[in-house]
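First chain written, first letter: the chains are A, B, C and D, and each begins at residue 1.
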């Protein structure tokens, strides 16, 4: 069976990563920002998978699982904060969080 | 061990003074006076000690940070002794001048005063360059507090300026010191910051030149010399009298000491190449600051600029690097220590009495405060280099020696003598002569010098006359040291001259 | 007794210290006794020493009191050197000094700061003695600066008047210019000859330098700078007239008899060097000549009694320089002595006049005082005669010798001689102008009811009168000093020349008699011509020297100080502070507080660094 | 790779810490008792410190490929635990007047410490990520920890969100970088050599890119310019003890990871990486100091200054590549310790006078402190001067080390930046000092007395003592560091 060349996988994950990053930069809705972060993390996860398949190791897969849990934790905390934020500001527009500056 | 005692006495005394304030705000000054007097006695006892090999007395050498070959190495030779004695003497004077001047937070004030003195003594006796730098910086902090807490209207700016100038240039010196230590490692296979070891370090032309510059800048900032002088007028005009006394009398001398002890001996070749520039700078700063001084209306600023001008003779003497010139530099350091301190005390006294430093508001005080007038004339005359007083010996010898190594700049510097007379007499005219302008300030406190002040001024006058009439007793102390230094560098300089 | 020579300066110094430390608490009489007495004592000692020294017949005597310092081959001692020259000087200083002190006890009688005055005077005498007795140039320089300081203090004695302070500062600074040149001369001498001990130095110089060598010229020029500064010769003469701001005894002591002649002494002391540099020596002569003429002209136009005398002093010192220049060393010193006598006499007498006129100094406010002030009249008569070198007065002999010596100098000698004679003519005019205007003519204003005085003021006058007349017969023992290189045999010049030289001053006197007493020629008419008025103005201003110096030195300096009042160098550091503060304001703006902005910057950083990675 | 019992011994500190957290959690579950929970945490951490001290002599175990337990690790474990203890003590007093749910804070603190310990002992990407994330996760909680005054509640929330989003993004970068490295080398251990293109020729640039991404992640955690933007806001917003933890342990642990990473993967061999770090160092030093110049909020000042301090550390990091030899590693180690002491001290002074309901973090609040409370002011002054690198304080020795490393490797540009930076730095440190010595003015300022909180004062005094003693006689520490540093190479 012909395996996909590693570059393709990596490029794909890079593109995903970029998308995620752009999402973080552009979205004002904090929920979407979190989602974009998810995309970034999972992009790197994908990269691990690709690399792992290249080397035929398990480490990559393990790493991916770890990233999943990690992302989950991030989101958990993040959502908690969002709820707090909504209580405080009655909005989830990220730009209200700009009281501290200078 | 004596040297360690000298320093620790001051450190401890400082702490005691600070604590004693809790008991009674008048105790600190007594404690301080006692401390400096004890220290002075110990110093004088050092004169009795007959020097061991190499003319070093009371040397202490213990490991400090072996990782870098840094050792806890104190020793004093004639030169150090002279300056330590000056420190002790002016320490007493400073405490005296603060006696009635400082009323709030006395404890902390004398703490800082004594710690500054301790730092200075450390600088004068440290023979490990790291240790030297350590004390070099240590003496800044208490001085900063003295200016920043007990200073006048613009104290924050002045204190900050003083600290940053000396710190930043100090770091340049630190880099040079580390370079030396590292070169020693490369050449001898071990780290060392020991003065004597570092003397042996060989360095290629450019590197040595740069290292020399590092030292030079740090020292000429402290000295100070144009163009690194501009912290001094602010510091002096803002500092309390005692602060000015310490600053002008002692702290500036650490720069000169550094030049003599470290800058030139460690880098003889590049110093020789550099000497025309240094002497030119000196000559320029003599004339320039004399001129700026003349333009001042704030009497303390004026005196500050004059001390920059006078320290120019020291730079000139050091970089002429022959016995006459060096002795001249040393004598200038001592004599200027006294005369400048006295002048600042007078200025401080005036400010204390009439609450202004602006000379345009003064005039005709002779009739009101004849004693003060006489004292003022004595010290300004000393400052303008009247023969028979210490400053003359210093400046005359410095010029006499400098003339042999660089005629042009010596002649230029000599014109400083004219300008000195111009500004000195101008001060006398402005403050003590002319008609009395009672309307410009309330003169209810314009009283003549009291007995305590007379004692201090009398002591300093005697000192200056002694230096002027029989300088030999001082010259004898420094002579072997300078000869030694000259011999060490002779070979190199001779070689350079030959090529 | 000679070994007690150190007592000479010690007495006045002690007097000074006592007076300073007691600071005006003593009674006037005590102050007077200490002040004048100390000088009297040193005069006593001086005369005893003189007798002994002359008796002993040796050429010189050296007494080292202590070794001042000794650094790398430079070892000036605190030691006194006594020879004919310093002997004469010390006698003049202590003798005339004593008389003037005595006079001053009366003159200053009602001054509030009586003891301050005498403390300065004593200090001055001490310094002056150091100057003439020092055996090395450093010690001489000590005295040199010391007298300068005292002159400063005494000119500004009445400190409340700013103009006095100005005159004092001017005197000090102008002379200081000369001193600096002298100091540089010392450096050069030491660098070249390795010693500053005068005698050794002269010997070495004689051996090492050949005549006209560049070094000799350089050193002598520098020393000359010092000399003209102290002795108020061109181009540094401008301070002396203003120095008259001080009390009159000061003018007599410092600015006529002793200090201003220090320059003459210096040159005489180092005459060997000058002989090695003939060109400079000739320059000395020309300086003297020009100065004496300029001063003569100026004196003609002055109206302040003391200023007239001041300019005549300048002019007489010009004669001394002329004498030095033509190598008539002893003649110059001789003139120095006689001048000390009669000029002190004139000043003191003018002091009496001024005091009697209640501090009036303008001669045109005086007149017909010969009845009211007999002593002053007599003093002025004798003094003026001596000053104009009336035959067989003291001034006659000394001036005569100088002029004859000038005449004998081949080359420019004749011109120098002619100039000198012309000067003598003007001396006659201005001196007797003063004399006639003050003491003859109709009494203008209110004549003084009585002449101030008393034995302690008139005594000195009488003594000085005697000296001014017969001082010429004193022979000064300086041959040993100038023994070599001086033509000392009788000047043989034709009686015609001699007669001429006698006649000229008399002619001057006659002229001023006609103009100012008989009023044959009216000055008013002369002054009606604009040219002569402008000339008068020009001379009156001392040939515009002050004007020139103000423009060339003073104003530029003031201007510089004004523009650079706040140290330009500091601007640079101020700039650094400004830059960093504005930089801070700029970068702080970047901290907007917006999360997305932060993220954006992060991304930007990422891209930038990745690009960097690609590029490298 | 199975874990034998023998392997557990070196893991003692880690296990003890973990156990502490578990026990604390159970304790909370059983009964909410603030003091006891805090006590359990503190004692547990102390035990961890002691155990690592006992383990220390000649320790050098590789426990599984993930963790390396050598003297260096244990040294920093001790440092971490001690700092955690002192921060815990400071927090105890800070949070004491918070009436609800203040116990969990100590759980978070413990967890964070676990993360830190893992970080300092990791020489494997997996463990590194594990540690970093554990630390960050708990820090989110600590930063957002509820506090009373309305202002600070909103601010802590803002701080938390900013920190979370940005640090997650940073983790993303890091992970992606690691992934690329993994793709390149097929191994996740630091020691895997990078520049062998493997069988597939992903070349130099690829590795460089990977390292860049990885380094950016680290740079964010260390708040190095230009990834520093979050620092001031998060510092200002979060409760003081959290800030302290973030600023000290968070940074130090991260730097240890970076150090091991750089040293074991010869990463600086890539010219581009070297130059990148060079730029970042210069930028951080200058920018950090400039930003702080006129700042009036204490927390922000310290935040900005921490940026420049991390910049100073990079100098030593680069020096370590230029010249083989221990000096640079020792420099980093010593400076980290010094930084720990002085930062905890500086923040500690602020938090000892503050409380969760009312923080005094503006410079004005400290006006005249010197005359109100000399000892506290002296301590604060000491800390600030140490941060400025003035002698008599440990900070000076640290500066000296950095200078030495820089001179040794002739990194002149960086040294110039260092000097300029320190020059600017003096200005704002001294400004604070000057405020303290100004004549006292009684405005809405805090009342403080040692009697109120012995424990925190004791900690501060201890830190001050260390500051001075190590500043005057650093030899003991120097020799220890010399020994442990040898394990890095």
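Everything that follows uses one rule, which is that a residue touches a chain if its C-beta (ideal position, glycine included) is under 8 Å from a C-beta of that chain, and two chains touch if they have at least 3 such contacts.
If you're wondering where the values come from, they're calculated on a predicted model, not measured in any experiment.
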{"item": "Pair of chains joined by more contacts [C-beta pairs], C-D or A-C", "value": "C-D"}
{"item": "Whole-Å gap separating subunit A and subunit C, where each centre is the average of the chain's CA atoms", "value": "96"}
{"item": "Distance from the mean Cα position of subunit B to that of subunit A, given in whole angstrom", "value": "65"}
{"item": "Distance from subunit D to subunit C - Cα centre to Cα centre, in angstrom", "value": "78"}
{"item": "Separation of subunit B from subunit C, taking each centre as the mean of its C-alpha atoms, in whole Å", "value": "38"}
{"item": "Touching two or more other chains - residue numbers and ranges from subunit A", "value": "21, 24, 94, 97-102"}
{"item": "Per-residue overlap in subunit D, given as positions that touch at least 2 other chains", "value": "161-162, 165, 169, 232-233, 295"}
{"item": "Residues of subunit C whose C-beta touches two or more other chains", "value": "588, 591, 593, 595, 599"}
{"item": "Every chain pair in contact, whichever chains are involved", "value": "A-C, A-D, B-C, B-D, C-D"}
{"item": "Touch list for subunit C against partner subunit A, complex", "value": "588, 591-596, 599-600, 603"}
{"item": "Subunit D residues touching subunit B - in the complex, by the definition given at the top", "value": "330, 371, 374, 385, 390-392, 396, 400, 403-404, 407-408, 415, 418-419, 422-423, 426-427, 430-431, 433-434, 437, 473-475, 478-479, 482"}
{"item": "Sites on subunit B touched by subunit D in the complex", "value": "63-68, 105, 108, 130, 133-135, 137-138, 140-141, 144-145, 148-149, 156, 159-160, 163-164, 167-168, 171-172, 174-175, 178-179, 181-182"}
{"item": "Of subunit D, residues touching subunit A in the complex", "value": "126, 129-130, 133, 137, 140-141, 144, 153-155, 157-162, 164-165, 168-169, 171-172, 175-176, 178-180, 182-183, 186, 188, 200, 232-233, 236-237, 295, 300"}
{"item": "Subunit C - residues contacting subunit B, complex", "value": "20, 23-24, 66-72, 74, 78, 138, 141-142, 145-146, 149, 152-153, 156, 159-160, 162, 165, 168-169, 172-173, 176-177, 179-180, 183-184, 186-188, 190-191, 557, 560-562, 564-565, 567, 569-570, 572-573"}
